[in-house]
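Two complexes come next, and they have one chain in common, chain A, joined by chain B in the first and chain C in the second.
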Partner chain A sequence: MAAKAPDRRRNNPPSHGTTPPVFLSSSSSGAVKPKQSSRPPDEIRKIFLRTGLISSVTGSSFLEIAPLKLSVSVLGPRPLPRTSSTPFAAQAILTTEVKFAPFASTVRRGYIRDSSERDLGSRLYQALVGAIRRELYPKSRIEVVVTILDSEDEGDDVNTVYIEEGKATVETKFWDAGRSERALGVVLAGCITAASAALADAGIEMFDLVSGGVATSFVDEANSKGKGKGHLVSNKLYVRDPAIAPPGGKTPLATCVLGYMAARDEISELWISGKVGTKNGTTEMDELVDEAIAAARSARGVLNEAAKERVQFIVDKTGTAPPSKGETTDVEMSG
Partner chain B sequence: MPIQIIAPAPFVTADDEEDDEGGVRLDLDNDGDVAMDGDAPRRVTGRQAGGIVTPGEVVTEDPQWMRGHGTYLSQPLVSGGSQSIISSLAGTISKTNKLLSIRALKFRYVPEIGDLVVGRILEVQTKRWRVDIAAPHSATLLLSSINLPGGILRKRTSTDELQIRTFFSEGDLLVAEVQTLSNDGLASLHTRSLKYGKLRNGVFMTIDAGMVRRMKSHVLTMNTSNGGGEVDIYLGVNGYIYIAKHTTPLTESGGPEGKSVSITRLEEEASEAIYSNVNEEISPETRAEIARIACVIGALARNGVKVDEEMVHLGYEAALEEFLQGMEWGGDGEAGKRVVEAALAKRREG
Partner chain C sequence: MTSLVVPGQPLGPVSAYIPGPGVHTFNGQIVASLVGQVVTSPQATTSTSTATTTTPPTISVQKPVLTTDEETNATLLPEVSSTVLCRITRINSRQATASIFIVNNHICGDEFQGVIRVQDVRLTEVDKVKIFNSFRPGDIVRARVISLGDQSNYYLSTASNELGVIMADSEMGDPMYPINWREMKSTRTGVVEERKVAKPF
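For the complex of A and B:
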C-alpha cells in the first residue's frame, strides 16, 4: 500500500492498524486457518446479488461472494456542471470510484483513496464504458461509486496469524507473493458484476451486461522451485474465482481478471499479472483467459437473475407491468 | 422482500461454432431458468409481451418488428441475414402494433412539447431561470415566457431583468408547460397562461415519473368532504405533484364574482399577487383533506396504480370510508394498500 498522505481533518486511528485481543484459552474459537476449498477448481463461489437497496440513488446493488461484500451506487444521468472548464460532451461522461471502507481489510484504510483504489477505479471504468450506450445521454454524467465493505486481505506485507490448539503462530506463507493480485482480482470482478447490476437497476441503456471473472493458474510447488522454464511447460491447474489460500502443494503463476459481455462475446477489460508461457502452439495466456471467461459466464447467470428479479418483484407485487407512456392500452383519449 | 441466495448458474462450455451471431444466446425458459447455450433453438416469433429481459438479451430475430425505446439492432451479420433486436434495458417487453420496446422499471421523465409539469427553480440567471423538472437535464424558463405583472401584452423591459427575483427565486415551485425542446432534449418552459405560474397554499410531493397517466387536463379541482372545501391538484406529467387550496382562477371564463375577465382587464387581474410568496389562510379542515389526498396519491403510486382523475377520486372516496378521522395511515403501507384495493374494486363496479 502506498504511503498515505496525512489526513488532518479527522481523528485518525493508529496507522499500523489495531489487532483484536487474542485469548489463548479459547482454542476452538477465534481465527481459523483458511480451510482448503472443497469446491472444484472450475466452480465459482456462490454469489449473492441484489439491486435497489439504496433508495436515494438512481440505481444500486449489493454483492457478496464469501468474504467480499460491496455496494454500488449509480447516480445520474444528470447534467454536467455548467462551468467554463467543462467541455461539451456529446456522450455521457462516466466516472467510477472504488473505495475500501476503512474497516474493509485487516490493515486499516485511510479515508483518502490510495493508489490501488484509483487503479481499481480506472479498471472498472474501462470495463463499463464500452457497454453503456453513452450517445443516448448527451451533456450528462453517470457516476458509479463502489464501496467495499469487506474483503479478503490483499496486503503483501501482512503476516497471517493462525490459532491452532491454543497456540498462536505467525506464518508468512510462500504463496503470499501474488496474493495481492488474486485478492484485488476477486474484488475487481465483483465490482464489475455489481456495477452492471446497478446500472441495469438505474435504467441506463447498455449494449450488454458486463460480468467479471477471475482465474489463476497454479503449478506444483516442486516445479516452481526449479530454475529455467521447466515450470512453464508442466501441467497447470486453473482455478476459477480463486480463494486467497492456494490448493495444497500448488504455487500460483498468473492471475487473469476480465470484464466480459457474454451476449456479444466481447472482453471489455483484461488484466493479467504473473508468468505465462507457451505450450504446443497455444499460449497459456489464451487458456487462462478462457478460464476467466468461463468464470465470468457463470457470474453472468446470477447477474441476469438479479437484473430480472427486481422487475419481477414489482410486476408480482402490483400485478401490472412497470409504468410507461405511449402504450396503446393505457392512453386515455377522451374528449 | 424475501431474502434468498441465488446459486451461480451451472457452467456450460462455450460453444463458439454454429453461432453466426458471434456470441452466445441467452435464453429464458418458461420456468425462468437461464440457459447459456449456443445451441438453443432459434426463436422466430419473439417473446411474449410482458416478459422480462435484461440488457444484451435477444428480444426477437424476426425482421417484421420495429425497434423502439430500450432496444438496439445487433451488428450486421456476415451471412447477410436479418439483424436481431436486442434489449438494452432490464424491464418488460411491450408491443404496440409492430413496435417493440422495453419498459424499464425506473426511468427518468423525458419532456415532450405540451406536457404540463410542476417544477422547482434551481437557479436564477440574467434572463432566465433553470427549473428542476425531474428530467435528465434541468429545463429553462425564459423571462420572456412568463406572464409579467401588469398584463399579458406588456413588453419585457430591462427593469424586469433587474427584478427577476421578484417573479421567481430559488426554491419556488411553479406549474408550467413545455414549450419547445432543443435537439438534445433540453426543455424550455412557459407560463404564459393564467392556468400556470407560481404555486402556493399547498403541499408538494413526488411520485415516479410515468405513474401519472396522461390526461386531457392535469389540473383537477376536487370537492372535499369534512368541510375541506375545494382543493386543486396539479398532476405534473413529470411525477411532481402539487396539492393546494383552491383559489379562483383568473381565467377568461370565470372571474372572482363569476363574471368573465376580458382581455383588456387582464392587466388589473394579473397583478403582483400572482407572484406572491405568502400563503392565504388555510383552514385546518382543508389542510387535513390536502394531506388525505397526498396520502391517497402516494399510496396509488406505491402500489403500482397509475394516478389519474378517476383513481384520485375513487381513492379519496375509499380513504374516507376506510378512515373517517385522522391521517395516521399516511406512512402505513398496509392501510394504503387497503385503500388502493377498495378504489380498484370501486372502479370495477363502475
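For the complex of A and C:
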C-alpha cells in the first residue's frame, strides 16, 4: 500500500513523538532580576550598525543596541504603482513601515500591524522625510521597511492599557510607569539611525543623516510620592538611551525621542511623553531635549562610520583609490 | 588620496567650487548629499579675445560601485532629454506603450512605463504616421524622453534619425535587419515589414 500523501495544508507534527520541554525552575537562578548596567547616565549603549546586508534591495542596514535588534530595507526610487489614485508627484513619495516580528517583544504580537507599529511608522516618516532630497526623484516612491527582530517592548496589549489609563499616577501593574514609552523610544531612535544608514547605503541623496536619540528624566521615588510642588523639582537624573529597568530608587518622569540632523543642527522629529514642568526659568523640556540631542550626537558618530564602511570596502576592493585604513574600526562611545 | 564623506559634511565655500552631482548648498557651503568620494574637476580657463575667465573647479560626490553591478543603477530615473531603450508592450492607433529598461546606457532597477504618441514618432509628415506601420509589440526602440508625462507614463519621442526601432522580429518570429529608414527585412523569409527604423551607427 502506498504511503499516505503528506497534508500540505497544515503544519504537520513530527512523525515521531515529542516530549514536552522541561525548564529549570527560575526561583533557583538569579536570571529574573534584570541586570543593572554600570554605564554612566550620560553614555549611550554600544551600537552595532552594518549596511548592505540584504542584496535584493537598494539599501539595507542592521542595528543592534543591547537587546534591540532591527533590520531596515530601502526600496526604490521605483515607479509609482499603476493605479490612477496616485497623482503626478514632482517629489518622491516616501513610505515607511515598522513591523515587530511576532517574537520581537516579551508579549507575542500578531502578523497584522497594530496601532503602536503604525504610530512608529508615521514618526519615522516624519524624521526622515525632511532629510531626503525628494525633488531629485520625481514620479517615484522610496520605501523604508523596518523589521524589529528583538526589543524590550512588551507588545501592544500592554502598551494600550497603559496609554488608556493615561497618567503616571495610575497604579501600574507589573510594569512600571513610562516603561513602554522608554522601550518604544529606544526602538524609534534605533529605527531612525538604522534607516538613515540604509538610505545612505541605497545612494539616495540626503541633506544630512538623521540620527535618533532618546533620554528620560528620573526623580527619586520619595519625591514622586509626595504631591507637593516644592520638592518635586529637585535633583533630576537625566539618562540617555535608558534601559527598560529604571535606575535604583528612581521614578521616571518624562521620555524624549528625537530625530536629529547634527550637521544642520535641526530636529526633524520630536516625541515627548510624561510630565515636564518649569524651574528657574529654564524649562525642563529644554533640558530633556538637550539630553536627547546629546544622545543623538553620540549615535551620529557610529552612523557616520557605518555609512562609510561599505563604501570603503568597495573602494578597497575595486582599487579606485589607495586603501586608507586596513580593517574597519569600532567606534568607542563617549558621552 | 581620496577620503570618504557622508551626507551633511561641508566640502567648501560656494565661491570656490561649482556644485556638481551628489552635493547641495547650505548656508554658503557646499555640502555632500551622498556617501562617497569627493571628485574635483580641474578648473577650466577659457580665454577669449577680450578677457580670460576662470571657472572654478566643479566639485561632486560619487558613490563607488562594485565592478560586477556597475551597469545597473538602482537610483536611476529617466529625465527629460535622456536617451532610453524600451520594449514596445502594446499599441493602438494613437500611441505605442513601452517599457523603459535602459536609461543613458545604464540598466535601471525597475522598468518604467512610457508612451510614444503618434505625433512623436517621426519628424516629418507627422499626420501620415500610422502606429501600426511604425512599431509592433516586442520591438526594441531607442527613444528620447520629452516629458515626465502624467502619473504613470513618461512621454517618449523617436522624431530623430538615430531614434526608432533597433531590434525587431517579423510576424513569423524571425529577426529582421533594416533595409532603409522605414522598412526591415526578415533574415529567413525575406518578408519586408514597415517600422520606424533607427539609423545604424
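The criterion applied here is as follows: the second predicted complex is superposed on the first by the 261 of 335 C-alpha atoms of A that agree within 3 Å, B and C clash if a C-alpha of one lies under 4 Å from a C-alpha of the other, contacts with A are read in each partner's own complex, and residues count from 1 in each chain.
Heads up, the rule we're going with is that contacts are C-beta pairs under 8 Å (C-beta built on N, C-alpha and C of every residue); 3 or more make two chains touch, one makes a residue touch a chain.
Since the model is a prediction, treat every value here as computed from it, not as a measurement.
After alignment on the shared chain A, the placement of chain B and chain C results in a clash. When the shared chain is aligned, no partner comes close enough to touch A:T283: not chain B, not chain C.
Contacts of A:K308 after superposition: both chain B and chain C are touched. When both complexes are overlaid on chain A, the residue A:F88 reaches chain C alone and has no touch with chain B. In the superposition on chain A, A:L49 contacts chain B only, with no contact to chain C.
In the superposition on chain A, A:S122 makes contact with neither chain B nor chain C. Once the two complexes are laid over each other on the shared chain, residue contacts for A:D265 go to chain B alone; chain C is not touched. In the superposition on chain A, A:A299 contacts chain B only, with no contact to chain C.
Which of chain B and chain C touches more residues of chain A: that partner is B. Of 3-11, 219-227, 237-245 or 309-317, the chain B stretch that intrudes into chain C once chain A is superposed is 237-245 (criterion: clashing C-alpha atoms).
Shared contact residues of chain A with chain B and chain C: 58, 76-79, 131, 133, 137-140, 200-203, 205-209, 261-264, 304, 307-308, 311-312, 314-315, 317-318, 320-322, 324. Listing the residues of chain A that touch chain B in their complex gives 42-49, 58-59, 76-79, 131, 133, 137-140, 200-203, 205-209, 261-266, 290, 293-294, 297-308, 310-315, 317-328, 330-332, 334-335. Taken in their complex, chain B has these residues touching chain A: 1, 5-9, 11-14, 16, 22-26, 32, 34, 36, 50, 52-58, 70, 72, 86, 88-92, 94, 96-97, 101, 103-108, 136-138, 184-185, 208, 210-211, 213-216, 303-306, 308. Partner chain A is touched in their complex by these residues of chain C: 1-4, 6-10, 22, 24, 26, 31, 33-37, 63-67, 74-75, 77, 109-113, 148, 150-152, 154. By the touch rule above, chain A contacts chain C in their complex via residues 58, 76-80, 82, 84, 86-89, 131, 133, 137-140, 200-209, 261-264, 304, 307-308, 311-312, 314-315, 317-318, 320-322, 324.
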